[in-house]
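Note that the chains are named A, B, C, D and E in the order they appear, and that numbering of residues resets to 1 at the start of each chain.
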């Protein structure tokens, strides 16, 4: 549960973060506040919205994107300090099923995924726009499963919606991040996509060009630090070594 | 000008919007009538329920629909079993979502028109021997035409723009549930997709505009009476 | 035929009336705001009484004690509203036809063509109500109520917005409804002529209560009306048998025990009993030979009473006519003094035939 | 004072009228649907003529040729609608006060208390219009228009929904507006008495055209009205000077060249010129000694013309009175034959004082 | 029961909803009047524009607002410079978004009520000397009370549920722009957040319900006249 800044705290940095980071970042921010006495303001929304807001002069000190293209977008417009940009985290792509349907499947070329889906659906992020969907598409293509699975895909506007479709048993399978699968007790991981089957799943972070907070750098350092790393790992992220 | 997928989305939006509007209309008329003229305990509650889809974030409404009308949902399972009506991941679900989201707008407009009717005109019909339902059909309903048309237009427009509840309930399946706003959403999530989003937005606006003009014409026809009571 | 006994309170206004109407026309009469429209609405079923009973023929429409309340559409009671209340979205023709739909073909006593013709609305049939004048609207409303061939017709000042000529055309038609189709009518009007001509029973309301009830002759007789200050509304009603028709002159002679009454109208048949309404202001008194004036109707009587306004100019003279009916004459006090009129004297009453309104001559309605 | 010349087409209906009213009351008279309300709305500025000019005093309100159109709220013209049109969300008191707001204090000629009292609406002040009866609504509407102390008052059948007594109370008040406050009035009514009493100019409309225009005496004289079949609307207007007041009997004697006319009303002062309206149906003819009947008013004249209905019962006799005015008498043809009346004969006209309606006696309005 | 952050969101939602509704109301009344009574070229266009926020997916409206009223936006820059009014990433921006999203609903309801007024009542006021604006204020406006209240309730309810445009325009900053629906969104992005989302949804529903009841009461008061023309 998020804690609001108490009176003694002084205002720290403002972070624009992809919504999928919420659980981890909230915990880390609590630690940060405890350690520094500085509160952290976080705005969680879709990376796309955040990027465009930064473009319009949003008062963000840091941008935590859920994928590389939106960080590239702001970088191309000169909205971040390039030297601060770092690929903070990585994630894995997994195939999940409702808990009531425990099974395993090796995700390799020729896997009978389409047959298993049958006349059901495979839920994931929208394959054209939502990062997890794009990764899923790439992975399925690489494994040669795309053609037969494509008609069975149900795209959602964010990964958690896909997760809940599977958790509720509406969709027979889902492709989500390992972090999501770990957070939802009503789903089980059927298999993990090989890391090389899709572009690296990376969460880049950078300080914005217009950042005015003197704490931005310290906060970024804290994100990269060991306390944060522990929390990230607990959530299922992988720490990317620069 | 448009990709085949976009054409599909446009066609689907038209279908979903039309079906949602026409499907919700009779229920909206009935509820509006109840709220305008009825006096019964629990009226405020019904009024509140009707407004709910407006008050809740669309995602919540979508989620509620999923719980109620999904394949495993309370009603969804029953409907599928007994009537073979399936909403989940079908365009019918998109229509249901659009209908639900537009419902409060429809009810309000129609209710206002019912409330504006001088009930002595309905009484006149009753003294002429017309039973209540007939009075309703031949007097109240036509006199509320303005509100009914306005409500239908609002609901249709809303259906064209509805996104949050739809994608949460039936996700985004091209050809099945990918309506114009879902397609637009996809564009907005892609760096550089602005032009595509704009193009489809204009299409939605044009469709709504056409519906608006049609509705004004139909009301004007109904208003040959000089427009007043 | 219609029996009404109702109580209703609306803030300061309290309605408490009881009256019964026969098969003919029952008139509701009384000053603005006395409750006429409210009674009409109660009978139509558009209002529920706090207490009371309304019976039409053998049908109990309302009985608050036994919890009976027949809804308006099952009453088969036509209503002409004080303000027309046409259906604004329907053309005149459709407005007219609306009630026919719920009238069994066997009950369709009133013909559309007759109604349209009498009301003079054939050129309006294709129009919408918003384009009609006030009087045109009212005529269509009358037609709409008539065409449902109701068991009882309620008319709330139906002719108020019409010109004299139009009234004179429509009244006989209302009479026909009453007589030929035997539709009883509850009729609200401020016009004495209309009330007298049509009504067998007159109910005079005052502030929600029945102030007087009875035949037109009684209720509208000068003694009861005098206090209302309206001498033009004071009438006597004489009845007699048609004795002779004079088609050459277009008049009929009514035999009355006190003399003969010449009325400017050819009655249907000799021997028929008719009522003649004579305004008290139209009666002169004299002692003079027949034929000295243009006045054809001379009736012999004896002065029964002379009531003078104390400060006004008028005196009301009541004559007992031979045969027992009473005739009232309004004179100036000046004339009473000049002629030295006194109770007990025999005098001749003179009534100009032209002053007898055809609207006030009628076959005695079936009671 | 008011000069109207307008054309307007509305589908099949074509209005094309021109008339001028003096400072008094101008009556618009005519059958239902003839265009009275339309004229009223044109003068009020609620309708634009296709062509025409409307001038009030020295103000040009409408001139289509010069593109002049003064909007309603700048016309200072009060309007009493045929159907009250009260503000439903305002209490009666606020309805009444609405127009006062836009009346400069100097122009506030009409007192609220007088209006409230005459209209009998003091007990309604705190109510909302929806709770008023038809007549109550209309009275409030009259009050609302009066209280703006308008430069011209338009009244569209203002008294139609009121009972006789109420009419009799309100009419003198309208007269006071006309005379004391010098507010000219354009008055629509179907009631001849009202028109005659109030109006110095009568405009008879028929199907959108002016059928007759002139003084009440001319326009409502029997010859012009006969075709309309309404003999009760046929009147003569006699003028004379008040010769004597008889307070003891509450009557006044009017000196007329042809005799004296007794009217049941105390006039303001001896020597004043007044108009008396005599209904043709109230005139009897005779050859008899004075004092033989209760009839006080006897006027000497000579038969100028006898017009008979060919098939109806009536004959209209026109008398040239000594002094030159014309008096009309409706008789039955029977009486004409029985008395062997013929053109050129000298006869006495008898008019009962009580039949002279106070509503029809008036000081000659300022023209 | 609620965390401080939730209380903040609730308070903010109330503020944003109230300001958005009250702020949009005068403009909505004016536009509704124009559409109901006006006859001018381009009327259809205005009607179309008014409906736009309904037709477009909220995200698009949010982007449009961002581009127009953002710190770098066409109007945003001018407003900030000349009047010191800043929308971007402030609660004022959330109010603007809510106002814009509720605007079509408001206009429709008010317009219907204006259209139901018998113009002879307004004419009566004119003949009594009242100039058009006064007639409007003392007759038309009170007679449209039902529609105005209904429109305000719709807009307020919509403000409580508005999410897409708001989060896109002013982001999701706790204490500044995080309204109830944004907080709900945050919950839905959190494992196990369903309960929190449900809790806040109930709060939104309760607030809307209270507003609804209040509005019904106020209309009933205004309707002491027996409720009809």
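The rule is short, and it goes like this: a residue touches a chain if its C-beta (ideal position, glycine included) is under 8 Å from a C-beta of that chain, and two chains touch if they have at least 3 such contacts.
Which chain is which protein? Per UniProt: B, E = Molybdenum transport system permease; C, D = Molybdenum ABC transporter ATP-binding protein.
Since the model is a prediction, treat every value here as computed from it, not as a measurement.
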| item | value |
| --- | --- |
| Any chain that touches chain E and chain C | B, D |
| Chain-contact steps, minimal, separating chain D from chain B | 2 |
| Chain at maximum distance from chain D, centres defined as averaged CA atoms | A |
| Most distant chain from chain E, judged by the mean position of its C-alpha atoms | C |
| CA centroid of chain D to CA centroid of chain E, Å | 56 |
| Rounded Å distance between chain A and chain C, as computed from the means of their C-alpha atoms | 90 |
| Numbers and ranges of chain C residues touching at least 2 other chains | 131 |
| Residue list for chain A, restricted to those that touch at least two other chains | 161 |
| Junction residues of chain E, two or more chains touched | 59, 63, 118, 185, 188, 227-229 |
| Interchain contacts, given as pairs of chains that touch | A-B, A-E, B-C, B-E, C-D, D-E |
| Interfacial residue positions of chain E with respect to chain A in the complex | 3-5, 8, 59, 62-63, 66-67, 70-73, 88-89, 167-168, 170-178, 185-186, 188-192, 196 |
| Chain D partner contacts - residues on chain E that touch it in the complex | 118, 120-121, 123-132, 135, 138-139, 142-143, 145, 222, 224-229 |
| Footprint of chain C on chain D - complex, ascending | 10-12, 30-33, 36-37, 82-83, 123, 131-136, 139, 156-157, 160-166, 168, 190, 192, 228-233, 246, 249-251, 262, 264-265, 281-282, 284-288, 291-296, 309, 311-314, 329-339, 341, 350, 352-355, 357 |
| Residues on chain C engaged by chain B in the complex (per definition of touch) | 44-46, 71-73, 75-79, 81, 85-89, 98-99, 101-103, 128-131, 144-145, 148 |
| Sites on chain A touched by chain B in the complex | 46, 48, 51, 69-70, 72-73, 121, 123, 126, 128-130, 153-157, 161-162, 164-165, 168-170 |
